[in-house]
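These are the structures in question, set out in turn.
Next come two complexes, and both contain chain A; in the first it sits with chain B, in the second with chain C.
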Partner chain A sequence: MYPKPIPPSHRTSRILYMTGVWAVLAIWLLPVAAIIMTSFRTFDDIMAGNYWGWPTKFNILENYAAIFQHTDMLVYFRNSLIITIPSVVLVLALSTMTGFVLSRHKFVGSTLLFAAFIAGNFMPYQVFMIPVRDLMVSLGLYDTYGALILFHVSFQLGFATLFMRNFIAALPGELFQAARAEGASPMQILRIIVVPLVRPALAALAILLFTFIWNDYFWAIVLTQTDAVKPVTAGLANLRGEWVSAWNVISAATLFVAIPPVLMFFLMQKHFVSGLTMGAVKG
Partner chain B sequence: MTTPRQKMLERWTPALLLAPGLILFFGVIVFSAFRTFWISLHEWDGFGTAVYVGLANYRELWTDPQFWMSLKNNAIWLVVFLLAPPLGLAIALLVNQKIAGMRFAKSLFFMPLVLSLVTVGVIFSWFYDPTFGILAKIFGLFGAEAPALLSSERYVTFAVVFAGLWPQVAFCLVLFLAGLNNLDSEIIGAGRVDNARGWQMLRHVVLPQLKQVSFIAIAISMIGALRSFDIISVMTSGGPFGSSSVLAYQMYEESLFSYRYGYGAAIATVLFAIMLIFIVWYLANLLKNENGA
Partner chain C sequence: MSNVTLKNVNKHYGPFHALKNIDLDIVPGEFVVMVGPSGCGKSTLLKTIAGLEEVTNGTINIAGRDVTREEPGDRGIAMVFQSYALYPHMTVRQNMGFGLRIMKRPPEEIEAAVQRAARILRIEELLEKKPAQLSGGQRQRVAIGRAITREPHVFLFDEPLSNLDAALRTQMRVELATLHKDLNATMIYVTHDQIEAMTMADRIVVLRAGVIEQVGTPLGLYHNPANRFVASFLGSPRMNFFEGIVSSIEDGAVVVNVDGLPPLAFANIREGHGLTQNATVAVGVRPEHLHLSGDHEIQAPAKIRLSEQLGRETVLYADAGALKTVGSDTGTSDVTLLAGEGGIPAEASTVTFGFDTNRAYLFGPDGQTLTTEKTIGA
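Now for the complex of A and B:
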């Protein structure tokens, strides 16, 4: 292990070390702490410039009630769920299929296909903006949930396919040989062997995709226009225009937007971290 | 018994499984990449008919000061984002200890990674608030007045990049922690026997083993830098006077606000070309490693 572990016997050095870590962490998370505190403040405090001191009065309920009563945040939130969940499910299903074929069947052009997926995955997605927007307009999907779902599914397929391909390729080959010897069809192999074994990969992929799609802002502002279909990220940006200096309400809304990914992260942290490293290291 | 029909179906199963994914990926993503280039050769307002103009859009780019400004800002993003891997490694070394409470501390360090860039942008614009922001407070301690970073043409890009660096460092931290976990303990032990310590140990024993992870951390930071858009849009909208714009943002503005889709597509193509350099470098490295392993 590196750096050298501090042995359990050195109690004082352990306590000192941990104190140091928490001190660094305090600076690291200062932005988050500040925004949490601000979401508790009253508007008077903000106007008086009390950004950093102890709030003169806690206004928690009022601030959070304001985002539900006076803004469309709940609608945006619902929109985000309507966009994100089907996208994640579709990507998981499609990438299991493509990843399975790419990892277990050699065919002409499979390396090229692999390279295309990596390249697509790495592109600054803004490069696709003009044609994708035009495509959605001609399909009649512009400014609907469908536009965002269609785009996210297509784009995330690159990353997800690489991810699933690598995971399935690492499964023991004997399993597949045995199944083939028994005369199982590719469809049966997929259903009986692959699907049960890739569950951990699917869990990791699901949380990553959820975070990516939930946090998307670019496509939200490019492919939607009306509040009825806008996801939370775009909604939050709108809110900033309307509530210019009401930082307490904006902070509350900001935290509200961050709840689902942060919650998912803490609930499935192991999957998140392993997914991120697996996805990045191999793909 | 398998009938000929079933045999036929089985033969085609792989193709059928691939089809939906490939159709979407090639139909929406790959096709769009090529179409961007095609559109860049036209004058188009997004509604009417596009007029072929050859390389006129590119010639105009060459003489457009805003284009050079955006390109320069992209370069600043790339250079500053190179700080993310070493900073991530530093934090990784700090938290790679098994002490009670460390697990929780680690997850808190990861947190910026799951926040949306819109959130990060909102938080930092408020940090930089010239009257009451934290920066103003710190300057106030020394009796000085804080510069209004976000309205200063000189500092604005650095202020925005710094905000973008925060989640990027967290990403690199995750990668390096995984790398540190996979270190060969025998080599580390041998290093200790040879009395390698501190910096020497890091430089000659640990870093060589983290080569692959470092490469990925750098590649991912470069991609992140070239993709920067959200945070710029939220914090400055490219302002003041385009001084914090980058290629991605300029393309967005030229197309959606000035209705110059052909010109926007030309900017996108330049961005594509820059990215291609990195992708080729990355793929070459990846394939070399895959063949070598």
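Now for the complex of A and C:
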């Protein structure tokens, strides 16, 4: 096991270590704290330059109400859900199938196909920006939910396939042989044997995908233009234009946008952590 | 109850020839055990019968039907795996009924089949449990029960007892043999354990490097091995092999010179042995035929190096000077002897052991047995 735990007998080291941990945590959380505080401030407070201090007056209700009254955040929020949920569901369904085939069936070119799925992960996605935008324009999907769903599904599929393939490959091979000997078709094996056994992997993957897709900003601004289809991340950026320096409202909106992924993380923290390490271990 | 017939079955994995011209006839109700060292192709052969591996060429008949190109599920087989391969997310009841559910049988029929199998294997009280809650022996019972519910033409076992501890293995061995009698089913069983093969089989199939070396009853193979490989594979402790040179051939009698022994005259040699003078041959004698007392044709002195006392018998490893064994269990050139309960010589003591040439086997340069068949039980 590395790093080695500090034994309780080393008192000084332990105290230093714990102090260090808290210090790092504080630095890490400081911007978040600042955003939370800012979302409580009045506009006047910000104009007066009170960015880090205690708010002179708490304006919580007004700031948060402003998100719904003066901005289109609700529309963006709905757009994000419309984009994220089908994308996650589609990626889960497709990657379970691709993972199953690539881990359990050998066919000519299977290794190459798998390599192609993985290789996609290593491409810096910025290089796709112009081709993908042009593609969506010629497909007539530019500035629609479809553009983002299609892109996210295909782009996340590489990682998701690797993840599911490794997980399914780690299941004992005799299980599949037993099911086959009992007359189960590949589709039945997938449905009755594989899906129930990979449920933990699917849960972990769902959270990862939800977070990735919900938090995407780059493709949101590349592939959408109108407010009617913009997801929250792009919508947030819009607020700056409309409310030049209303940082208190922007902060409030930011926190509002962060609710779903944070909520998901806390609800399924166990799966999230295992998801980060799961696919990587066995190959 | 049905027969299984393999005709000229071949299996290639790329350049590797895993099964070579396998011909085998299994009669209804027979318990056939396939043995061989690891990598000999016994599991591959079982999987080709199951349909989990495709044959390169040749035909497989089960119950009079050509199933060579059929899916495993359509062949009327049921397989029991070494790792049991129980579906971890299903209860014992669901595991045992899985095959029938796939076949879309009515629920009452499935339940009846599960109950019947559970009764046979005495696992009725485990039906609601998940595999993880069961012990190794119980899991193996469930795996066998899963096979029984499908009422297959043939049961296939792939080293089913290898994951169990010694005590449980003996118990399951007896249970499987009993089950075979009760169900009167055709069973094919793969193992590397010669004791399982000897105790359970109606007939043993010995495989080496994808080739069937010999097929026969356990005692038939033990007493009349077709070649040196079969002779060395069956029997524990292993047969002693001594290398020798043919010194003369007269009227079917062959005289062999082995270093450290007086000349051995074999009268019981098969026709057409093809031996020539100065050919290198091997003489095989089972440890139980090397006697520490009495008058025997061939006698030699040896110094006891090590004794393994097993209670009923004692295995002795002895250094016989110029007389060296080849290919022994222990990797040494010591002679292996067996002593009964009485008269166990002390370690480091010198003994005289003897044997009769009619108890010995002569193996030709190609390893084939050249001595004529011995009467079993004589």
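Just so it is clear, the second predicted complex is superposed on the first by the 256 of 283 C-alpha atoms of A that agree within 3 Å, B and C clash if a C-alpha of one lies under 4 Å from a C-alpha of the other, contacts with A are read in each partner's own complex, and residues count from 1 in each chain.
Heads up, the rule we're going with is that contacts are C-beta pairs under 8 Å (C-beta built on N, C-alpha and C of every residue); 3 or more make two chains touch, one makes a residue touch a chain.
Predicted model only: the values in this text are computed from it and were never measured.
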Clash-or-fit label for the pair chain B, chain C on chain A: fit
Which superposed partner A:Leu175 touches (first chain B, second chain C, both, neither): second
Touched partner set for A:Ile60, first chain B, second chain C, both or neither: neither
Contacts of A:Trp22 with chain B and chain C, given as first, second, both or neither: first
Cα-centre angle that chain B and chain C span when viewed from chain A, reported as a multiple of 10 degrees: 90
Contacts of A:Ser154 with chain B and chain C, given as first, second, both or neither: first
First (chain B), second (chain C), both or neither touched by A:Ala228: neither
Contacts of A:Ala33 with chain B and chain C, given as first, second, both or neither: neither
First (chain B), second (chain C), both or neither touched by A:Leu197: second
Dominant contact partner of chain A by residue count, chain C or chain B: B
Partner chain in contact with A:Pro186 - chain B first, chain C second, else both or neither: first
Which of chain B and chain C A:Leu267 touches, first, second, both or neither: neither
Distance of closest approach, chain C and chain B, by C-alpha atoms in Å: 7
Chain A residues within the chain C interface of the complex: 172, 174-175, 177-184, 188, 192-193, 196-197
List of chain B residues in touch with chain A within their complex: 6, 9-10, 13-14, 17-18, 20-22, 24-33, 35-36, 39, 46, 91, 93-102, 105, 107-120, 122-124, 126-127, 129, 131-134, 137, 166, 171, 174-175, 177-178, 180, 183, 185, 188, 192, 201, 205-206, 212-213, 216, 220, 223, 226-227, 229-230, 233-234, 248, 251-252, 255-256, 261, 264-265, 268-269, 271-272, 275, 278-279, 282-283, 286
Residue ranges of chain A in contact with chain B within the complex: 1-6, 14, 17-18, 20-22, 24-25, 28-32, 34-35, 38, 49, 51-52, 94-95, 97-98, 100-102, 105, 107, 113, 115-120, 122-132, 134-135, 150-151, 153-155, 157-158, 161, 185-187, 190, 211, 214-218, 221-222, 233, 236-237, 240, 247, 250-251, 254, 257-258, 261-262, 264-266, 269, 272-273, 276-277, 280-281
Touching residues (chain side chain C, partner chain A) in the complex: 47, 50-52, 71-74, 77-79, 81-83, 85, 87-89, 98-99, 102-103, 146, 150
